[in-house]
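First subunit A sits with subunit B, and in the next complex the same chain sits with subunit C.
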Partner chain A sequence: MRESTVHQTRLMFIWRLESRVTVMSACRALIHLSFLDANFQVFLRFHTMHSFFTRVNNVSALLSSCTMALLAAITIASLLQEAIYPPQIHGQISMKPVKVFNAKAPRQRRKQEMAFLNFNMTADLTPLFTWNTKQLFLSLEAEYENAQGVNNTVVLWDRIVRRPEDARVRVIGAKNKYAFKEIGGKGFSKGAATNASYALKYNLMPYVGVLRYGEAARISDVPFDVREEL
Partner chain B sequence: MFTEELKAFRRLGFRHVLLQVLNFASVIASGLMIWKGMGLITNTESPIVVVLSGSMEPAFYRGDLLFLTNPPNERYHTGDITVYKIPGADIPIVHRVMETHDVSSPVKISGLDLKVPGEQLILTKGDNNHIDDIDLYQGLDWLERKHIVGKVRGFLPYVGYVTIAMNDFPQLKYALLGLLGLLALIQRE
Partner chain C sequence: MSSAVQDYFEGKIDFVGQQRVEEISRIWLFFFTALSFVLGFALQSLKLSFMLLGTSTVVLCVIVLPAWPMYNMHPVKWLPVVGEQTTKSS
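Right, the complex of A and B next:
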């Protein structure tokens, strides 16, 4: 007898929580439905009896509501934190004129004009590592417009940073990781821009929440140095 | 074994069974409506996808749930993580954008049709792969907007394993659905 009353109150408790978080249960319904276990909703409607399934359903509903609420709270908290304390990031890029000459790109049969970078880069990205940072994706990208009016952005170097200890980037005399060539294989000398801008960008990936993007450093008007041979 | 349940089923009567079937159908229909409604708002054919492979590790692991949007007048940027589907390929792929080429005046690029302003040529690569995705494009040199299902906005770890399990073991899915459907019909109000 005693045990059944305990059960009753527990269920009452669940029910009360349920009615309080109606918005969350809407979200939960959404998630449930998206997994095609819509049938749980059938139980929700038809089981006024306190059967085994009602209990299972109530407990799972409570669990998923609480999890959803927690995840939403984490997302909002980390967004708020970023809004109140915007991370201060300093970075610097220096670069020699970008050499352009004929070379063979990976998986290409013919030679074509390719650009080769030699750059130094320092940046302190430790402020981006908070309690909700899973990883940073850093990329150095070139931005230029060619004579045909095509705006190009090309990632030439990237790095994944997973620990705050590695977030102080110091790259000296580095070369581009990925091939830098003109679209359509026409080449830089035939009407590409005479110079390009280069920027160090980051993509912050949280444990829970929204992906964020930003820029850590930039250098403008680095000329292309077109050569016949190396 | 099921005699009790069968008796209960008989007691309920025809109209009750019909009502239950109707309710069941309405639940399925509302689920579909929410799914398609979300698709309309976010402008993608599937606003929620599950990661099936490890090519984006350590960003995404198998079983992570991704939330996508695809605003029609927003261009894709390098560093964005996109989900794309090549015609002829049966599963969509989630990889990062490495190159974008925005056309601002009509231009003819060898191997492609005439490109008009507003069009964008895109190259992607998986974080965990050494080389870009050209080999995955099935003969295409570039991705274009029409191939892209959406851009990843947020993610939820592990949750997608439910669907992965159901996909890997279809029997599990049918067993679960069948059991739940049966129970829903049999249970009394």
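Right, the complex of A and C next:
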């Protein structure tokens, strides 16, 4: 009985010697690295055999990390650039008094009061175009307060600017693209505000980073000129 | 014959080669990411940044992915086969 246990212990000892180097024994062996040759030293750190696909996997993982780091660097650079050199945009809007007519639009069931704009606008938005600017969304918005005390903001005209060459906005005698109706209240003539403010706002869309909003031009207290029915 | 073809497509390299490949790819990608950011910011062109990163990645793949002979200069020296064991195997 005793002889067989000694025999089994010897077997296990031999098996351990002949097995592949495991991580645990590698840690112990690292203490004696000085007398091992270069190949075996490296073997202790890698315990799987590389193949082509392992290398593909490793390189693609590194590339993903580097790309994400690059995108983060671009975002931070844009934020810092905006904080240190904020763009100063000056623009002008001029507008004739807004005409309000009570008429029935096509495909609508009843008559509604609709306002019509006629405006000139100039703005130079080229300082907004950096390496990280994909496009600018410009919108002309009307702001007024109706009889119920609700503040309304209505987008009446918009434009997408994709190149710095198109960033100089100059419109003469333009009309509102979208219908200007006072939907919530009783219309312009029955207790809505007698005047409204019009602002040219921009939304800068970067390639990487946060969206930015700003205002390029503003004109306040433009009266509504309510006309008789057509 | 088929094992030779299989070995070729598996693209094994020895351990010193593996270490070198890892070093090369890390240093290369780090350097070219930094360079593409700096150049793109200086010349204000995002397209340049990503084109530079893309081409440098393609060149890196050519340098690192195939099992070039220079990565097989230190093959593993296996010990000679020990004589047969006379004990019973488990």
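The criterion applied here is as follows: the second predicted complex is superposed on the first by the 167 of 230 C-alpha atoms of A that agree within 3 Å, B and C clash if a C-alpha of one lies under 4 Å from a C-alpha of the other, contacts with A are read in each partner's own complex, and residues count from 1 in each chain.
Note that in this section a residue touches a chain if its C-beta (ideal position, glycine included) is under 8 Å from a C-beta of that chain, and two chains touch if they have at least 3 such contacts.
The structure presented is a predicted model; accordingly, all values stated were derived computationally and were not measured.
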Partner, of subunit C and subunit B, that touches more residues belonging to subunit A: B
Partner chain in contact with A:Ile76 - subunit B first, subunit C second, else both or neither: neither
First, second, both or neither for A:Asn151, with subunit B first and subunit C second: first
First (subunit B), second (subunit C), both or neither touched by A:Ser139: first
Touching partner for A:Thr130 - first (subunit B), second (subunit C), both, neither: second
Intersection of subunit A interface sets (partners subunit B, subunit C): 38-39, 42-43, 45-46, 49, 51, 207
Interface residues, subunit A side, partner subunit C - complex: 7, 11, 14, 18, 38-39, 42-43, 45-46, 49-52, 55-56, 58-59, 62-63, 66-67, 69-70, 73-74, 77, 130-132, 207
Interface residues, subunit B side, partner subunit A - complex: 20, 23-24, 27-28, 30-31, 34-35, 38, 48, 58-59, 77-81, 96, 98-105, 107, 109-112, 121, 127, 131-132, 134-135, 152-157, 159, 162-163, 176-177, 180-181, 183-184, 187-189
Subunit A partner contacts - residues on subunit C that touch it in the complex: 9-19, 21-22, 25-26, 29-30, 32-33, 36-37, 40-41, 44-46, 49, 53, 57, 60-61, 64-67, 74, 76-77, 82, 85, 87, 90
Contact footprint of subunit B on subunit A as seen in their complex: 29-31, 33-43, 45-49, 51, 53, 71, 75, 106-107, 134-135, 137, 139, 141, 145, 148-155, 160, 162, 178, 183-186, 201, 203, 205, 207-211, 213
